[in-house]
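In what follows, chain A forms one complex with chain B and a second complex with chain C.
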Partner chain A sequence: MKQWLGKGSLQRFFRDMNRWSVLVLIIGSFIGLPIFIVAYQLLKGPGEEWEHITTFLLPHYVYHTFFLIVCCAIGTLLIGVGCAWLICRYEFPFRRVLDWMLILPLAIPSFITAYAYAGVFDNGGTWTLMMAKLGIEVQKIDVMNLSGLCWVLSISLFPYVYIGARAAFRQHAQQFREASHLLGATERKFFFTIALPLARPAIISGLLFVIMEVLNDYGAAKYYGINTFTTGIFNSWRDLEDLPSAFYLSAILVLLIFVLILLERWQRGSRSYATVAASDGGSKRILLSGGKAWFVCLLTVFPLLAGFVLPVAQLLYWVYYTFWDVLDVAFIQLIINSFFIAFLAALLTTILALFFVYFSKWTHLSGVRLFARTASLGYIIPGAVIGLGVLISARMLVQGTASLFDLRIGFLLYGSMLTLVYAYVVRFFAIAHQTIEASSAKIGSQFFESAILLGKKPILALKQIDFPLLKTGLLSAMTLLFIDIMKELPLTLVLKSPDVQTLAIKAYEYIENGDQIDKAALPSLLIIGAVSCFILISNRWLKT
Partner chain B sequence: MQYSHLFQTYLYKISLFSLSLLMFSACQEKTAEINLYTHRHYEVDKQLFAAFEEQTGIKVNVTNASADELIEKMEIEGDQSPADVLITVDAGRLVRAKEKELLQTMTSEYLSNTIPAHLRDDDNQWFGLTKRARVIAYSKERVHPDSLSTYEDLTSEKWKGKILIRQSNNIYNQSLLASIIAHHGEEGAKEWVTGMMENFARRPQGSDRDQVKAVMAGEGDLAIINTYYLGKLLKSSNPEEVAAGESVNIFFPNQEGRGAHVNISGAGVAKYSPNKENAIKFIEYLASKEVQKVFAQANYEYPVHPEVAASDLLVSWGEFKSDVLPLTKLGELNLNAVKTFNEAGWP
Partner chain C sequence: MNILETHRLFKSYDSGKTFALKDMNFSLKQGNICAVVGESGSGKTTLLRLIAGLERPEMGQIILQGREVSTQTKIVPPYERNVGMVFQSFALFPHLSVVKNVAYGLPKHQKQLAKEILARVNLAGLENRYPHQLSGGQQQRVAIARTLATNPQLLLLDEPFSNLDAALVSSLRHEIQQIVKQFSISAMFITHDMQDAIAISDEVCVLKEGQLIEYGTVQALARSPKTDYVKAIFDQLRSSASSVLDSLDL
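And then the complex of A and B:
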């Protein structure tokens, strides 16, 4: 042990260390810094208001958060798995279109869905007006409460489960259907005993995404007045002016996510789900006809209507009479700015991830994998927490340079676009890392190694051999990043400063001011439009 | 593969372009200007700033964000801060800015003579520019004004299930409660909060406007709102909102006693203001008769200038007595108010 800790390990460390290891360590620390800083803040203990928070607020946070997790899990499972099954097993009108359109609810940030729903169903909303015009007395449908929030989150997040389940059903269902059919199993039995258990890992990891998004949500919960952990973090930071306690709330939240991830690992266990790759036998779907076919069509159309068409229709209605009030030079600048930030952050993340993937291949240092894992924790940590981590890091840097070198760079860094871009890189690094790692694994290392043997330098080999082969992977990583960054709210909200604005923030501000709620429609629709396009593009890529 | 080619060529160009953009924005020229940090988000403000530019040739660079963000920005920027003027929509945040030593004393005879003492800081670090009263909007159909009297009376049995008010994280509610703490102490405030909660018509949600809409829909009879929201509803281009506004009347509470709770939107000069003289000129402009008239007419706020009359609409609601509790108190008691709300469980 002593040997391992002492000279030996140090020697080994220096033996294995090369310049790539140094670069990996640098990139990794750069990405991981805010997370380490948050952890470090915890050592200082909670703030003055911690007791107040735990006595009066925490019980509400816990109750609401768990209620949301459970209900949204059930909701997204029912909708996501149900739709995926119908789409994969049956042939009915519009099936092909619905197949990809069911992903579209993901294009709307959940806080915008929440606000559109309120616009439809609240007092004086479109629904009430329409009913009044038709002369129908209806009970007000109250959406601005806990169950309303559950519905809104479920209907906007179910595509995560849908995508996972659909992929699994496509892969497995066909092979086993014939066998089970021959053995006399009914359709229901086949679904519950074969298809569903086989699809479980894919469904559960989709579900994990849903839960992480639920925990990450700030805008929808805030607007509906539901206090969750994430709104609590903002509350204790802003209203109670107690940042250390906000970190403690964050820590509980992150712990909760770790538990969920461990549960997911545990349920997957050591079982292996590898199957022979099957072609998508689209022709073997059960052909439905007549009323049954239309009924199934209606069933699958409903989530699309509720999760995409309804909110977008409400937004379009609002845009119709606020368009010219919102659109001015400053707004156009904001659009450009918003796209530019998203693009810059996506580009930077992709480049860093590319180097990180390759540099860690070229280093012999043990423990690099673990390090890579830590660096890509960002994605599971809620945006608000990352935001606070970056905020504190920037503050420390500003104070540090001010006191050590008497450099007043605070105003350059703090609340600037750079800080925000950096935070996006931290939060979404894992997405790029995973995508690029997967595509580079597909390429394999034989070309690269041959090049090295023939005397190429690694960087040149990367540029001339792997990079051209990786381009599709890089582009799809950038697309995914772009989608996530455009939709991101809580992190942006923490780091937004008067100088940095994004479309999501603009929409949120209009909603929050309460004064001009309908004006939020234009920025919202721009986000939805851009994200929809990118979702469609990436969908194409996934297919080819 | 075609995509990738495009990607490669454009990549360099875009990065170069963006770099040059950054450089360009970093080295713009300076003219006579002031940098305004404001939390006010009203359309009419933009026109007023444009008019100021035209009159004086001083350019107004507006930075719009919540007061908390603006204060934080000023703190971080320290003596490098470009901020000249800070405008907030409540006194509490101005008090906070003063406590953090972000403001400086202004010497302006005009402001000191024009603006009443309880609407400005003791050390003249900030001045109120407009007043807004937090009042009761009652259903014309279902409530007789004689049955209304004070904020305290809202907790009585007869209003069970009738009261509409927004959430406790709202600064206007926090200020109202801070004033109640100032008058009745923490225990009294706690009683008031629990009493109010027992009379809620529904769980607090939405904005002040939504409360009025809920009165029209019959969800409750009384809405606690800021005066200018009713003005905005009545002048809205949306007929539904006008109808909602018309379904209620305003009642100013506590007229026999301390008066209705009043808060301000106000301004102060930043401690490290690079353009101090222009900054004071700007605040004087906002307190001038013409501008006060605009605030009153277009945004339905009560002017602080004693010689400027409120808009016809506001006049039609009648004169009222306002609480003269020094507004500094609201800032000092804000945290207590937040905690009292939390302890009672007001969402």
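And then the complex of A and C:
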């Protein structure tokens, strides 16, 4: 039968190859181009410095990167899962406020937390000054080392795990809890044998985000002088001037991420984690009182203090002294530019992802759908790698148009806002794609199908029916994109130019220029302020 | 004249490993109501979706009103087939009022015509309500009215009675039959309950594991079933002293 069907497969291919398939291929190629180019560069082999890198540098990159991954995974798990469990299971003072405030450390890019920590605990830092004023002599706490970096990254990134674990713990229906207690299970046994295994997919997906962020980090590791894969990519490219070797390092990094994702899939196997929503008025919390209540409150307040309040306080302290030195017309122009770039990139990515999701649905070719999935892998590939891919793509395009059409388009692509926005679209396309795909799946296909059976063409049905129903999903996607773009550093560093600056780049330049570190506070606080607002808005949406 | 014909229709969901529909050949006469009966997974919904153009067959031909709409080389899109479909969940647009739902498929969204159609299905006065403010039975009538507004030649109904109370089902069976005759169209509906089929259809199409095992009028199937499967269904109905069989004098 299969053989018989195979006879007409070519005819069916041309029958099913519609305009939507072509559009999916075009958008997919546009998004996937830098990724495919990075893959193509690998075929050319490593550069001249590869031997030097593998002999002297690679062992450090591997050791430091693995150390960071393992320690940050443990750190964020303990803090994220612990806080989520306490918030979901117990009633204690300030629980409601802490519930949403614990997400705020995500508003601070980790390189900003890193330099704020250094400012607090360094020689002559705020900590030693404060203690000296109180007449207490304290020893310097050295944070600018591998352990310090682990702490900074863990305390910045734990909300990824917290958000996932909190959502999963909230979904646990009261009947699971009651059933387990009726069967004689203690609170501890319920946590380890029921609650934690059920929350596992959400926790692991949060953990994967943490690991991807750790692998993507450049600013914090560079400032603390720790050599990781990402700093190595920059070193190979800038210091050793060996781009092919930078691509080889990137390939190892991407391979590592693939292995982690495959490991997670393999470990999850065919186990079912279907959850039962709490339909009985939500989970009942255990009311704590007295010392116990305040102890739990302190436990949950601590990550907030360490991950948000402390760095923000240090930045505010610096801003108090440097505000008028930093603020001028050029800086205001920079703020406008930065917000405009983030908004434009978020909007473009959302629009492209919306069309991509729907065109993929309307194509009837499974091969095209598979291609669509591959093209939207951007988010798992570190920003620096995407940046280099975009750079090479731009160079190839400029050379190609010059030799084929005698056109000079270098001014349009090199160091331009256009290239930076395109790079953001490539890097963050997967976030918008996933958010919109999930919202669309929630709506289902029947409204759309009804509309086309009532005589509407697909684009009109999308505009009139699915689009109004998708509004919240689209706004949510745009918010997530805006947050990530405002915080992004490594990719922006690769593509920055004197004409195209962002607040993150300005902050990083002040930090890199050691004697102006306190001036980085104002751009940093502006990023944190904007991102915090958007995080709170999106958290509200997620709740509703 | 036949409103619908299918020839050697095949549909698989995993590149030919398992078939949702196999070698489907049948035709439906103009003005008739046909019930598609079968267990879950027998291919009933797939058949309706293929006719509507929401799915594409691997092989075979679908002819609507003498026009080829689906072949190995050609597919007419759903919005050009002049086929209406009422979904199991009704799929009423939640952000549009009842009258806007019904007017949606009309040129220039003619509200007056939509109101007239609503009146014909006994829903006058509910025009400005939203779908969630209606009962299940009312929602179904709005879904039917919305589909009929575009003047389709063939009405497809996916399990029209499955979301309704038992008390409503018998009155709605009669209403659907009335509406189809009143609008002079043909209809196909899916059911897993032979009583629905006997109550309102002229012809019955019995599917099992993706294959058409029997097709004919209700009387013919009841009097001389060709397969043990259909015989067992009617035997069970007779043993439960079903009132629908009495109405057919079988």
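As a convention for this text, the second predicted complex is superposed on the first by the 525 of 544 C-alpha atoms of A that agree within 3 Å, B and C clash if a C-alpha of one lies under 4 Å from a C-alpha of the other, contacts with A are read in each partner's own complex, and residues count from 1 in each chain.
Assume a residue touches a chain if its C-beta (ideal position, glycine included) is under 8 Å from a C-beta of that chain, and two chains touch if they have at least 3 such contacts.
The shown structure was predicted, so the numbers you read here are calculated from the model rather than taken from an experiment.
Q: Is A:293 in contact with chain B, with chain C, with both, or with neither (first, second, both, neither)?
A: A:293 sits against neither chain B nor chain C.
Q: Name the contact category of A:533: first (chain B only), second (chain C only), both, or neither.
A: neither
Q: Quick one: classify A:468 as touching chain B (first), chain C (second), both or neither.
A: Touch status of A:468: both partners.
Q: Determine, under the contact definition given at the top, whether A:23 touches first (chain B), second (chain C), both, or neither.
A: A:23 sits against neither chain B nor chain C.
Q: Counting only touches as set out at the top, which of chain B and chain C does A:11 meet: first, second, both, neither?
A: After superposition on chain A, A:11 lies in contact with chain C alone.
Q: Just to be sure I read the superposition right, which of the two partners does A:395 touch: chain B = first, chain C = second, or both, or neither?
A: It touches chain B, and chain C stays clear.
Q: Specify the partner with more touching residues on chain A, choosing between chain B and chain C.
A: More residues of chain A are touched by B.
Q: Once chain A of both complexes is superposed, is A:497 in touch with chain B (first), chain C (second), both, or neither?
A: It touches chain B, and chain C stays clear.
Q: Once the two structures are superposed, pull the chain A residues common to the chain B and chain C interfaces.
A: Touching chain B in the first complex and chain C in the second, residues 468 of chain A appear in both lists.
Q: Could you list, by residue number, the parts of chain B that touch chain A in their complex?
A: Residues 1, 3-4, 7, 11, 14-15, 18, 37, 41-42, 63-65, 68-70, 73, 76-82, 167, 169, 203-210, 213-214, 216-217, 219, 232, 237, 240-241, 244, 335, 338-339, 342-343, 345, 347 of chain B touch chain A in their complex.
Q: Which of the residues in chain C come into contact with chain A in the complex?
A: Residues of chain C touching chain A: 10, 12, 15-17, 19, 52, 54, 56, 58-59, 72-75, 77-79, 83-85, 87, 89, 91, 93-95, 104-105, 146-147, 150.
Q: Quick check on the complex: what are the chain A residues that touch chain B?
A: Counting only chain A, the residues touching chain B are 49, 52, 55-57, 60, 118, 122-124, 128-129, 140, 144-145, 224-225, 227, 235, 238-241, 321, 340, 343-344, 347, 395, 398, 408, 410-411, 414-415, 468, 471-472, 475, 496-499, 509, 513-515, 517.
Q: Going by the contact rule at the top, pick out the chain A residues touching chain C in the complex.
A: On the chain A side, the touching residues are 1-2, 5-6, 8, 11-12, 14-16, 364, 366, 446-447, 449-457, 464-465, 468-469.
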